[in-house]
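Should a chain be cited, it is by its letter among A, B, C and D, assigned in written order, with residues numbered from 1 in that chain.
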Amino acid sequence: MAGSTYGTSFTVTTWGESHGPAIGTVIDGCPAGLALSEEDIQRFLDRRKPGQNKYTTARNESDKIEILSGVFEGKTTGTPISLTIRNQDQRSRDYGRIKECYRPGHADYTFDAKYGFRDYRGGGRSSGRETIGRVAAGAVASKLLSQLGIRVTAYTKAIGKIEVPESEYDYGCILANPLYMPNNRYAEAAADYLDCCLHNQDSSGGMIECVIDGMPAGIGEPIFGKLDANLARAVMSIGAVKGVEIGDGFSVARATGSSNNDAFYASEGQIAKKTNHAGGILGGISDGSQIILRAAVKPTPSISQEQETVDQNGKNTSLIITGRHDPVIVPRAVVVVESMAAVTVADLLITNLSSRMEYLEQIYQREPHGR
Amino acid sequence: MAGSTYGTSFTVTTWGESHGPAIGTVIDGCPAGLALSEEDIQRFLDRRKPGQNKYTTARNESDKIEILSGVFEGKTTGTPISLTIRNQDQRSRDYGRIKECYRPGHADYTFDAKYGFRDYRGGGRSSGRETIGRVAAGAVASKLLSQLGIRVTAYTKAIGKIEVPESEYDYGCILANPLYMPNNRYAEAAADYLDCCLHNQDSSGGMIECVIDGMPAGIGEPIFGKLDANLARAVMSIGAVKGVEIGDGFSVARATGSSNNDAFYASEGQIAKKTNHAGGILGGISDGSQIILRAAVKPTPSISQEQETVDQNGKNTSLIITGRHDPVIVPRAVVVVESMAAVTVADLLITNLSSRMEYLEQIYQREPHGR
Amino acid sequence: MAGSTYGTSFTVTTWGESHGPAIGTVIDGCPAGLALSEEDIQRFLDRRKPGQNKYTTARNESDKIEILSGVFEGKTTGTPISLTIRNQDQRSRDYGRIKECYRPGHADYTFDAKYGFRDYRGGGRSSGRETIGRVAAGAVASKLLSQLGIRVTAYTKAIGKIEVPESEYDYGCILANPLYMPNNRYAEAAADYLDCCLHNQDSSGGMIECVIDGMPAGIGEPIFGKLDANLARAVMSIGAVKGVEIGDGFSVARATGSSNNDAFYASEGQIAKKTNHAGGILGGISDGSQIILRAAVKPTPSISQEQETVDQNGKNTSLIITGRHDPVIVPRAVVVVESMAAVTVADLLITNLSSRMEYLEQIYQREPHGR
Amino acid sequence: MAGSTYGTSFTVTTWGESHGPAIGTVIDGCPAGLALSEEDIQRFLDRRKPGQNKYTTARNESDKIEILSGVFEGKTTGTPISLTIRNQDQRSRDYGRIKECYRPGHADYTFDAKYGFRDYRGGGRSSGRETIGRVAAGAVASKLLSQLGIRVTAYTKAIGKIEVPESEYDYGCILANPLYMPNNRYAEAAADYLDCCLHNQDSSGGMIECVIDGMPAGIGEPIFGKLDANLARAVMSIGAVKGVEIGDGFSVARATGSSNNDAFYASEGQIAKKTNHAGGILGGISDGSQIILRAAVKPTPSISQEQETVDQNGKNTSLIITGRHDPVIVPRAVVVVESMAAVTVADLLITNLSSRMEYLEQIYQREPHGR
């Protein structure tokens, strides 16, 4: 198992290289009867599409998704859903020194160390284009979740030092600025900062936050399949992410129990919590509150400055990466974080169907002989 | 798959409740021929044993490990290794209000929400005692890694605001203070702070750091089986962990590409990096540098103060948790983090054997008919 | 993954060697709320217990099962169920030539070829005692199935040439004769044949049949998780089984479509079939008819005759296996086949919960916040 | 996990419906550095292509394979290999009564029972076209095996009562007759029999045999991952297969131990067996002899005779399936059996790399820092 499949009940297998003929994903385990169209998926993909504004590369790709299997007369059939995008920007080109040198901050060296050679064209399998498969799967998972009243929302929490405080969030404007920040004013400040980075031939890191609303209590498996553990893996598996936290996250290290514990209370037959330091997860299982996670995203490693490195023959050299590069990864990664969170939650919701004998009894008594 | 198994090649399945007859783990996929004794494992378990000092609960348990299978004449046989500890502290007792009330910060409510009822004795499956199985497996993984020249070391980076700066690390004293800090002076300050917490009927969070030395480049699977993604899941699956970061972690959000990229250089035929902001992982694959990760651990949720909560009938109430509780989880979790990291690395090292045709050719040519 | 775990939703991990301290199994994924006692399991184990009659070895073992986790107040909790039996017959003995020679028909040579050495005591991991773990798991799966109205029944179809024709089946007497045949008269004939085998220092093969009643239509996953494919794997994974067939099985090779197809008909709102050549499975999915499978079991390889073989230094030699051996494996394997079938069906029933969106909607609407 | 993935180390995921836009497979876990071209795969696919002779349907498809990922400059890269074939025969047509009636012997009814509805076009996911994905994966596995000196060969053992005895095998003519029989004379007799079936508006079953040569001893995992158990599952997961046997198979039921045991002998430092009743597998692990398996294949269920059945509203009716249908499934299934066997063996060979510490030491000492 070489790790290209994610999930236990709702499984997602991505495949494809940056400059190969196509890129795609296969979803196995999506229940039958979910209404699904190519538009549902395209809408998600368009959020990560390059060339949308001056902070994203102008790769000329339409990234048009095609559903090749698993959907019949507008509904999922319960069989594998194969989703593919043809790569259009495959023209033969001179990869120049990229072919021979290890770009700092990229996976060129580690792929060579692992496999003995690599597909050097546009980063090959380690390219950000691999996330197309994740986002396509995330669109399907999100559609499934919306049927159950669950909504996943990711946005840019910070770019460099420009961080939107929670008190100034306006979810309504996330899609209204090219940086997907929940506050247009901060987005403008961040844009200025990115202009400055570009001017300095440099790039910026940032932070993505993701919240999940409408989550029922009881989802997540108690040991290695904890909801937070799976979310951490899912989000950390996105290329540039270097840290993941849930609820109060790293600040719990300095907290005390009396301030960090969330008191329960009951109101109109519902159990809820007065605060949500836990980010909606206790013992790895959802507690019915909003799920909150944050991911730290490193600065784009491709910068225009000259950098020291070695070539694949082990000779010291320096490298200038030509071409235009995004000064920040964060905005395009927002929908990837949202997608990985949606897939994770869908997977655990389905897995949870097997948690109680009464669920089996309920399903099989109602459907004793199939129909 | 209810999530009690971790790993793809070297798999660990833990089982057992706090107050059941026993607790244990089954390891499947440990290669044959590794020298292994009960002492190898006991040494690890003793590091998480309760009652070792005034900051850990005085549960009277010997926690004596027994190898029930998979080892013959002092060597692993390649078949499942079953490791068990009998619980000795099982006397019937009055669980009082714990049986009916949901302790804030614990998994009582979420277990009920998931399964419809719960084993309320000592937290049942969500008890910290579940980590015994992880530590036992970690001991085996660490033994395997040491054969290959790889060493995993975890320690307490911070308790509350008492954080040991990297410049003052002295790895030699980690085992020399009861808090497993890499600096005895900071450990004393942290001890004073914990006394203060106890006095206030409160508890403290903290931070654990884990480094892995001797790691070959090329380990980790490039997409969902990334080394950092698997480490994140492994560590986040430990009860009280609320955040995980690799290398510079969350500080990359404010960094620039020029400062965050690690330059490569070659020296005596070896490729290395001048800095290690990446924490030893590029594109999810080890780069031959030291692996560095940190985990944020929340304060012990069991505190002696009166807390508001609800009972299982959905009535508002308040709760005082009696008995003695650790004022901090961190010191006992250090060996758990180390163990989960060791299991993760062992698993990916074994998985990596299938990365190249030349490895298959090498093994099967040498061993064409078995011996 | 070294193959000691079976199942995807209801997973069974067996561990233990013939002469190690204990043997056992861990079940992960059993839904919460199933009534389960040690007696439920012991009853199954007693059916494979040695020393019950003159055709089974007189190993002096009580084989007393212990539930170590996953059951609280008589019900499963949804967490792993650990089941263990202490081996009592572990006295140090002289394994003599078994230690050095490869017994024909046994796994001695192949274990050495695989691992470089082996636990030679009583066959180690390849001993029939490994099936204790399977039968314990099968008892739990059977209890679960009985709650849903599904009943798995295995019996001895044939010993040597003594084969009970379907027209003479009397299920009521399966447990009434020591060979578990569904006809006492044939059982007596088979007993005479086995006496003859013993007299000739020889052993006999046989055939086991297993039927599953009350199976709802729609169970099984259509490609690699077909109900028949999983049953085939499950049953072929039992040591001495050399063939598995479903419904008409191998005789379909000589059949024609017109005679082999089962016509559907409807009666009182139920869809059924006029014949059942398919053995209850179409396209890998149950069709609501009785499931029928048969397994061919080879003769006990341990016979008292002198046999030619080689020793582990590759020298030609001959071997007489001393001690008493069962003249036939079949009777003790009956409950193992039944157990593996039960685990397979339970696993696919649980997996099938995720086949339709309407099941998710039904469960999560009814249980929006856990209780 | 809905069962569309097979294998643990070398995993194959198939997707696609008979009349959807395309059909394909994704292989994850193929080691890097295997020379692979589209021709390697096309050659396999051409062996199952329809319309090759009068016994196979004349569907007008070129079935041209395309490698979409995982191969760079003619070698596998270690990343997922995506293989796709566009379906060309997708013209809208009148499916007539097939849309409403359950064809006997097909999966129409069971798909409806499972999912609540079905893609009725050409059988949808349960169509034989699904095996294209298996054969494409089998071609890759076979290429890998051939590098290690292992050769998998399948052929038609019998059609109806026309069975080629082992003494008359001529492997050289398998590809020389349209029925893939290892004897042209028997192939002619079988052809006559099939003409007779066609004349009677009927169809015939048959038997496929598969042998694996060059297999090293020691391959297979001892419990649920036995080589024979995995082969049984792999082969039984092919649509029309109703029985699988290894070596002497079902005839062991009537054998005695003295005749069924294979004596070992040593010659020139090699251990071998005098006979091979076991079919090359002992205790689930290869013993270095030829692996032998047989599969029973049912008659084509689509026959031109009028058949009784029910429609999806549960009304009794009768059905005549129009169009031309193969009078036998066997010849086209030969390469599917061979492919599933090849994938199974490749998977277990790779898994076996983790069986010994000495293998890890050998690989990681030679490659301490990647290259």
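Everything that follows uses one rule, which is that contacts are C-beta pairs under 8 Å (C-beta built on N, C-alpha and C of every residue); 3 or more make two chains touch, one makes a residue touch a chain.
On a predicted model such as this, the values are computed, not experimentally measured, just so you know.
Engineer: Which is the least count of steps on a path of touching chains running from chain B to chain C?
Structural biologist: The fewest touching-chain steps linking chain B to chain C number 1.
Engineer: Based on CA centres, what chain would you say lies at the far end from chain B?
Structural biologist: Result for max centroid distance from chain B is chain D.
Engineer: Which integer distance in Å separates the CA centroid of chain A from that of chain C?
Structural biologist: 44
Engineer: How big is the gap, in whole Å, between where the Cα atoms of chain A centre and where those of chain D centre?
Structural biologist: 37
Engineer: Which integer distance in Å separates the CA centroid of chain A from that of chain B?
Structural biologist: Chain centres of chain A and chain B, defined by C-alpha means, are spaced 25 Å apart.
Engineer: What residues in chain B touch two or more of the other chains?
Structural biologist: 1-5, 8-9, 14, 29, 32-33, 78-79, 109-110, 113-116, 125, 216-218, 222, 270-271, 288, 354-356, 358, 369-370, in rising order.
Engineer: Taking the touch rule as given, give the residues of chain D at its contact with chain A in the complex, in rising order.
Structural biologist: So the residues of chain D in touch with chain A come to 1-5, 8-9, 11, 13-17, 20-24, 26, 28-29, 32-33, 66-70, 72, 75, 77-82, 84, 109-110, 112-119, 124-125, 369-371.
Engineer: Once bound in the complex, which stretches of chain D touch chain C?
Structural biologist: Within the complex, chain D contacts chain C at residues 1-6, 8-9, 14, 102, 104-107, 109-111, 113-116, 125-126, 130, 158, 160-161, 197, 200-207, 216-226, 228-237, 239, 242-258, 260-266, 269-271, 274, 278-279, 281-288, 296-303, 305, 307-310, 314-316, 351-352, 354-356, 358.
Engineer: In the complex of these two chains, what residues of chain A are touching chain C?
Structural biologist: Residues of chain A touching chain C: 1, 8-10, 29, 31-34, 76, 78-79, 144, 147-148, 216-218, 222, 270-271, 288, 349-350, 353-364, 366-370.
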